[in-house]
Structures are given as structure tokens and as C-alpha cells.
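Structure first, then comments.
Letters A, B, C and D mark the chains in the order given here, with residues in each chain numbered from 1 onward.
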Amino acid sequence: MPPTPEPQNAARSLRARDASADTFGIELVTSAPDRAVASMQVRSDMCNGFGILHGGMTFLLADSAMAFASNAEEGMALASSAEIDWLAPVSAGDVLTATAERRWSSSRSALWDVSVTNRSGELVAIVRGRTRQTAGQANSEPR
Amino acid sequence: MPPTPEPQNAARSLRARDASADTFGIELVTSAPDRAVASMQVRSDMCNGFGILHGGMTFLLADSAMAFASNAEEGMALASSAEIDWLAPVSAGDVLTATAERRWSSSRSALWDVSVTNRSGELVAIVRGRTRQTAGQANSEPR
Amino acid sequence: MPPTPEPQNAARSLRARDASADTFGIELVTSAPDRAVASMQVRSDMCNGFGILHGGMTFLLADSAMAFASNAEEGMALASSAEIDWLAPVSAGDVLTATAERRWSSSRSALWDVSVTNRSGELVAIVRGRTRQTAGQANSEPR
Amino acid sequence: MPPTPEPQNAARSLRARDASADTFGIELVTSAPDRAVASMQVRSDMCNGFGILHGGMTFLLADSAMAFASNAEEGMALASSAEIDWLAPVSAGDVLTATAERRWSSSRSALWDVSVTNRSGELVAIVRGRTRQTAGQANSEPR
């Protein structure tokens, strides 16, 4: 019988297989069953037509932190819904840090609050998301 | 006095200046003051540790369609909040189409519903977002 | 074996047992498995300290329409989350109509869009909600 | 020149004029510019067809706490949008307490997190809402 993976290791393993995290330069800073921190360097090729970071990238970083936190234990959790409030614009060259914390959970469902801060520690966005444990493969799993 | 830009042209001009849309291969298909359609080819380097499209990328495409639609007229609109429901997983090689439609607006605020479908026409996500007209520069504008 | 209840009858039966709908004067206008319409007369004792309808009452009416629509078929569906955008203030003496429509569903989950209009047909609020089929009693069911 | 009202007094004055709070038995427990606590006794005439508290009533209590907190200072703040996650069913006879806390604010906008707990201290719902300062009367103010 294989040992239950360490939380840190399960999230690290998910990160290691994550091609999109490589593409966007997303680092997994720390993880625990109820918490994960991820960071991302803001590049000019992530900025929109207003010359600021595409709001979707801020969301993507927060969503990544939530994915690492919700998959820190055995099993597989997928997000079903999430909302974001953008609070301040972000510029190329900055570094964003997303901290996902479990706000509530039941046997299969969990609710996460994610804060995204810039290098000065200013809050630039907050995200609330919902995840659900699934039994099988992401591609075959009905929601 | 410069002429008011055509809706199609204002959104096209925003797209032309959008480095992130180049990075992610986001195309502006059509735009009007109350509607825009954007599409994106799903690449394997956008997929997460489960081998499916990062949910943040689905959101980013929907957010882009909303940005094109809300900036089809003179002035500058920024999104303040949005929520997404993910309805089906998406695989590399697929093509997503996001259609943003204005659901309500007042003098400065608007509410948008965005549908994201895959190549088979299946609904894979829906997004609702809020935008607000701003007077100045994205970087200097208090929210 | 008892016959499967007619959609109209299942929702009507739920309404008949609903003490809160009596308290608030909520009428079930029509129902079908994917749609329900409910209405409410706005009373002065529902108004807040600003002299307008408490925004929570607008939400409650929309939530009721969603409950009737999602329980129009056999089984029991409970809402897990919902969001509201308030678009215009509502005054005592007006009559609100909430129309809930199914936007998406899987085997157990469904997503609903609810529009709330006043007597003039003006849109005063929109709500998006999520429901889930449960097997047992509301009080004993883990979420 | 009249003195600026004490936070406690401004919220208390709003509560004193609030007919709906009388109707639903909502008490303002404490208030401050960044926080308010409100409570409500759950009555059987607030329960739905499943015999549990109508989810809209849980939302209404949370929305009330947010209104008291956001109007604890001079001026008038109206909620523009909010979302709720229902975490556990609530029965008649219980007492709910809603605590609204300011999560972020700018010159005119604010973001609030509200927790709703039952008599045992169990979390039964969480709400996130957005408010905006307005200049005039609720009924005449365009959003």
C-alpha cells in the first residue's frame, strides 16, 4: 500500500506536472491542506491594450493557488465556480503573491478565499472559489 | 476635433495594442457596443497538472471578450468584478469562443454575460462581469 | 407505485407548504422543469431605513422563484450559492415579478438565471444561483 | 453646523427608521465604521416548504449587517451586488448572528465579508458584498 502523500509533496507534484505554470512563471511558494501561496512575475507580454496586467492573469494566479491548496491532500479537487474583485491595477515588472486559505469545507466541498498582493504588499485583488472532490479523471468526470 | 471611433474600430484598436492577446492567441472575431466575440486556440502549454486547460485561461478569454465589448465605444471601461462557472473540462487542440453580451447598463456602469463554447458548440463556462467607465488612465484611476 | 408528480403540481405543492411565502405574499405564477415565475406585492413593512424595499427581499423573491423551478420535478434541490446585482430601487406599492430560467444542468447540478422586474417592466435586479439535487431531508443532508 | 454623527449613532438611527428590521426582528448588536453585528430570531413563519429557514432570510440578515456597517459614517452607502454561500440548514427557534467586516475600501467603494453563525457558533452562511457611497436620495440616485 503506497503511503499517503505529504501535503507539500502532493501540491509540489501537481505543480511539477503543470505546463501552464511553466508558461506563466507561477511558483508554488508553500502549501498545506488548508493553505497555499503562489507567486508570479508580471511580464509585459501579459499586459493588455491599456498597458496594465490583463485582469484574467491576476485571476489565473489566484486560481492556481486555490488548485494547489485544494489538492494538497490525496484525491482530486476541481473548481466549480469563483469570483474576483479587482482592486488596483498592476504593472509589468511587479511580482504578485496569491495566498489561498480554506474558509469552509464539508466531506466533498470546500470554499476558498484568495488574496493577491503586489510587491509593496498592497491588496490588488481578492477571489472566492468553490472546489469539489472528484473520483476520477478530470476529462471524464461529469460535474 | 477627431471623429468618434467606429465601435468595430475602437475594439480593434484596443486589440491591436494588446500584447497579452498576442501571447495567448486571442482573436477578436466581431464587436459592437453591446456585444463582442473572441476566440482562442487551446495550446498544451496552457494546460494544468491534470492535463486540461487551466480554468484561469477560460476566464481570461471571457474577460477579454468583455473588455472588447465594453470598450467598443469612446471612453475607457475597466472591469471591477466577475464570476465564472466552469461547466466542462477543455482539452488542448480545442478552440474556444467567448461571446460577451451587455445585460444592463447605466450612465457609467454595465453588466455583461459571457458564454464560452468549445468547437462542438458545447457550453464550457459562463461568466458575469461588471465594468465601469473611467475618466483617465488605467494606472492612475482610483477605483 | 405513486405517479411522478406533474411539474406544475410539484412546485405548487412546495408552495402550498411554504410558510415564508405566505408571510411575504409570494405567489407562484407559473412553473415548469426549467422555469418558474413568482410575484410579490411590495409592502411598506418590507422597506428599510432609506424608505426603499430591503434589497434582501428582492433577493428572497428571486431565490423563491429558483426554488420553485428547481423543485418542479421529482427529488429535492437545494441552493448552494447565488449572487445578486441590484439595478434600481423599489418602492412600497410596486409589484415585483421574478422569472427563473435554467441556464445549464448536469445530473445533479443546475445553474439558474433570475430576472426581477417591477410593474413597469423595468429590470430591478438579476440573480444567478446554483442548486444541487439531494437525496434526503434538508435538515440531515450534508452539503 | 451639526456635529458629525457617532458611528454607533448613525447606524442606530438607520436601524430606528428601518420598518423591515422590525418586521423580521433584526437587532443591531454593535456597529463601527468598519464592522457591524446584527442578530435575528428564526421564526417558523420564515421557513420554506422544506421546513427550514428560507435561504433568502439568511441573506437578508447578512445584507442588513452590511447596510449598518456601511452606513455607520456620514453619507449614504447602497449595496450594488452580493453573493451568498449557504453552508448548513437553519431551523425555527435558532438565533442567527451576522458579522459584517470591511475587507477593502476606496474613496467611494467598499467590499464587505459577512459571516452568519447559529446559536452553537456554527457557520451557516457567508456573504460578500459591494457598496458605493451615493450623494443623494436612494430613490433618485442613478446607479
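List of remarks:
We take it that a residue touches a chain if its C-beta (ideal position, glycine included) is under 8 Å from a C-beta of that chain, and two chains touch if they have at least 3 such contacts.
This structure is a prediction, so every number in the text was calculated from the model and none was measured.
The interface holding more C-beta pairs in contact, when A-B is weighed against B-D, is A-B. Note on chain placement: the centre of chain B and the centre of chain D lie 33 Å apart, centres being C-alpha means. Between chain A and chain B, the centres computed from C-alpha atoms are 21 Å apart.
Those residues of chain A in touch with two or more other chains are numbered 80-81, 83, 85, 87, 106, 130, 143. If touching chains are joined by edges, the resulting network of the protein chains shown connects every chain directly with every other. Those residues of chain A whose C-beta lies close enough to touch chain C in the complex are 80-81, 83, 106-107, 109, 130, 142-143.
For chain D in complex with chain A, the residues that touch the partner chain are 83, 85, 87, 103-104, 106, 111, 123, 126, 128, 130. Contacts from chain C toward chain D in the complex involve residues 13-23, 44-52, 54-57, 59-64, 67, 71, 76, 78-89, 91, 137-139, 141, 143.
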